[in-house]
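Alright, structures below, take your time with them.
In the two complexes that follow, chain A is the common piece, with chain B as its partner first and chain C second.
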Partner chain A sequence: MSIWDFLETYGARLANGTLVTCAQFLFASMVAIVAALLAGLGRMSGNWFIRSFSIIYIEIFRGTSLLVQLYWIFYVLPLFGVSLPKFIAGFLSVGLNVGAYGAEIVRGAIRAVPRGQWEAAYALSMSPARRMRRIILPQAFVLMLPPWGNLLIELLKGTALVALIAVADLMFVAKQINGATFLSAQAFGVALVVYFVLARFLITPFMRWLERTMSRRLGRI
Partner chain B sequence: MDMSAYPLELPENDRPMVRFMNVTKSYGSLTVLDRLNLDVRRGEMVSVIGPSGSGKTTVLRMLMTLETISDGVIYVDGKPLTHMERGGVLVPADERHLRRMRASIGMCFQHFNLFPHMTALRNCMEGPVQVLGLSEREARTRSEELLAMVGMIDKKDQHPSRLSGGQQQRVAIARALAMRPRIMLFDEVTSALDPEVIGEVTNVIRKLVAEHDLTMLMVTHQMGFARDISDRICFFYKGQIEEQGPPEAFFTSPQRERTQQFLRAVKDAD
Partner chain C sequence: MSFDWKWEFTWAILPRLLAATLNTLMAAGIGYAIALVVGLALALGQRSGSRALTLALREFIEFVRSTPLVLQIFFIFYVGPQFGITLSPWVSGMLAIGLHYSAYLSEVYRAGIEAVPRGQWEACRALNMSTRDTYRRIVIPQALPASIPGMGNYLVGIFKDTPMLSVIGVAELMQAANSIGSETYRFLEPYTMVGVIFLAISLPVAGLVHLLEARVRRKLGM
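Showing the complex of A and B:
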């Protein structure tokens, strides 16, 4: 079967899978960014409880396998009475996992904002929350964009694991087609190309654009 | 430390704008300020000079409460700055008390520390809007007046990265003044500047001295400038005031050996 015949036959299903992958990516990104921000700030909090909670989250999700986390959230949580639909369990696991790495990026970027900026905001009598929101975070945000670009590509590839809890994403569809037809080269070949295109021609240019825009707003260009 | 020796408030008839009372600052075994006593009158301009490591910048940073106090109390307009009253005694101030008290104090830094993600105008408006609760329009009017005063109104929409050091420092002065402080602190504000732009910053400070009744403390290495505009010179040595007095007397006939040495060394460097 030529690749063209293959695409004609299975293209629609693969496209659907790609859409699911994109949706998983978007939702997982949102989870990751929110979790990273909360845990990154939480790690620097003066409150002992918030700080411990953040450290425990970061260490557990960084220190264990994403696949195990996925199985835990989908198969084990229901034993404790928390049942999540597989679609939600999928992006939640991936997002929380990547968010743990992101928290360290957030923390590093905040610490990289020059001390003089804190002092200037302090001298204007700003409250700690205002200093963070108005002065430090906008500058830290620019610093964290390059490492986040990296992390979001990791996240996209991480979403392939949700196929293992039967979320009908690109990887799941490719596996199904392979199972039914044994056209491994075509099925996984298309998946390979699609992941690459998403990462290289959507995420990377978007992050570059964001970096440029934010630098311009900082008056750096 | 025993706080009972310090009054909860200074009496009406003895209220300098700023009073350092036995103020000590130490980092571990290193003592940067050693039982400093210093009064600054309302409207007075005091220049703080001395060799590096003498604690002169620490004086300003403690008044801005950027450093915690190891011992003693600082009073601003008669009220304790670093402490607050709890059940009839002074205890270390909490964040809220510090924030309220330091609202009357403005500071300019050696490296300007303008907010890079905001225009010159926005830098000035940020405090009035976010902290004082002024409307955008009020804050804009106030900021534009001040930017005009420092000669930066035509650059108000520029980001700091587009401005020279002297221009940035002038914006920083306008930003501090926009909070309507009663005390202004200048921490080596010309030290990071190219020689040819120092004048534009010192001229702004001259103008402030001439036209406003601000109380000012300035750490500087520019002896000529300090001599011109100060009411008093304080020479710091090893965390204490070695000698102080009106500029003429101080520079023409310094009494102490250390002062003479320092002034000679500064002169030779020129």
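Showing the complex of A and C:
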């Protein structure tokens, strides 16, 4: 079967799978960004309870595998009375996993905002919340964008694992087609190319654009 | 089903999980060895002077780095038989994980090599050293210490990615937990213990890498 015949026959199913992958990616990114901000700020909090909670979250999710976390959230959490549909369990575990790595980026970026900026905000008698929101975070945001670009590609790759709890994403569809037809090179090859295109021609250019826009807004260019 | 942790069951499955942990460690070790060697070849190949080769290697590295490892594992495992080459789960798993991480390691090497000051290259040229000697005796010994932190991080990374090998039936930790789960219908203890074992190994190793990094930085006067 030529690749064109293959695409004609299975293109629609692969496209559906790609849509599910994109949805997983978007939801997981949101979870990751929120978790990273909360844990990154929490790690620097003066309150020991918030601080240790953030450290435990970061270390547990960075110290174990995404696959272990995914299985645990999907198969074990129901025993505690929290049953999540597979779609939600999927993006939640990917997001929480990536968020733990993101927390370190957030912390590093906030630390990298020059001391003078903190002191100036203090001298203007801004409240800590206002200082964070108006002075520190906007500058930290520009600093953390480049590493987040890489992390979001890791996140996209991570979403392929949700196929293992039977979320019908691109990976899952490719596996199904492979199982039914044994056209492995075509099925997995097309999926590989789609992931590559998503990463290199959508996520990377978008992040570059965001970096440029944000630095212009802060008057850095 | 409700939450009931059974300690006797935990102790009963622990030996089986620990035996599988050895397989996991072996998989990580072999995969890492492949990645170290292939990664170096990829990094040096990019400096060969041939533009076509450099471009091809860069594209290859970009492709490997931006596609999911689990898909690459499936690809290598299933595509071989289609062309008459049958690879065992272990061989294809090791190939996939080794190749995947070689792309990352080649970037680490590349950064290390590029960090060697220009003067060192010029001095080698002035001393009429061959390219081979320049790399072997001057550049790589200086590039290696700078690359150690990155290399250590990917060692931890490769270890944490080994559970993906369970998808093609490599008998590692995750696979053991899966089969215990399907034999006994208890998932709480096996999956939780897998998480605990991973934490117990990766946290100390990550700590060691951190210490090593601090030491290397101090030695290099950074």
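By definition in this document, the second predicted complex is superposed on the first by the 221 of 221 C-alpha atoms of A that agree within 3 Å, B and C clash if a C-alpha of one lies under 4 Å from a C-alpha of the other, contacts with A are read in each partner's own complex, and residues count from 1 in each chain.
Basically, a contact is a pair of C-beta atoms (placed from the backbone, for glycine too) under 8 Å apart; a residue touches a chain by one contact, two chains touch by 3 or more.
Nothing here was measured: the structure is a model prediction, and the numbers come from that model.
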Query = Quick one: chain B and chain C on chain A, clash or fit?
reply = fit
Request  = With the two complexes superposed on chain A, say which partner A:Arg208 touches: chain B (first), chain C (second), both, or neither.
outcome  = neither
Task = Based on the superposed arrangement, let me know which partner A:Leu67 touches: chain B (first), chain C (second), both, or neither?
result = second
Message = Taking the superposition on A as described, I'd like to know which of chain B and chain C A:Ala199 touches: first, second, both or neither.
response = second
Query = With the C-alpha centre of chain A at the apex, what angle separates the C-alpha centres of chain B and chain C, reported to the nearest 10°?
reply = 110
Inquiry  = So in the superposed three-chain picture, is A:Tyr75 touching just chain B, just chain C, both, or none of them (first/second/both/neither)?
reply    = second
Inquiry  = Output check: A:Arg111 vs chain B and chain C. Expected answer is one of first, second, both, neither. What do you get?
reply    = neither
Request  = Considering only touches as defined above, state whether A:Ala174 meets chain B (first), chain C (second), both or neither.
outcome  = second
Which partner, chain B or chain C, touches more chain A residues = C
Task = Please work out how little space separates the C-alpha atoms of chain B and chain C at their nearest point after superposition, in whole Å.
result = 26
Chain B and chain C footprints on chain A, overlapping residues = none
Query = What residues of chain B sit close enough to touch chain A in their complex?
reply = 64, 66, 95, 99-100, 102-103, 105-107, 109, 111, 113-117, 119, 126-127, 130-131, 158-162, 172, 175-176, 179
Ask   = Mind pulling up the chain A residues that touch chain C in the complex?
value = 59-60, 62-69, 71-72, 75-76, 78-81, 153, 156-161, 163-164, 171, 174-175, 178, 182-185, 188-189, 191-192, 195-196, 199-200
Key: chain C to chain A touching residues, read off their complex   = 1-3, 62-63, 65-72, 74-75, 78-79, 81-83, 160-164, 166-167, 174, 177, 181, 187-188, 191-192, 194-195, 198-199, 202-203, 206
Chain B-facing residues of chain A, complex = 114, 116-117, 119-128, 130, 134-135, 138-139, 142, 217-220
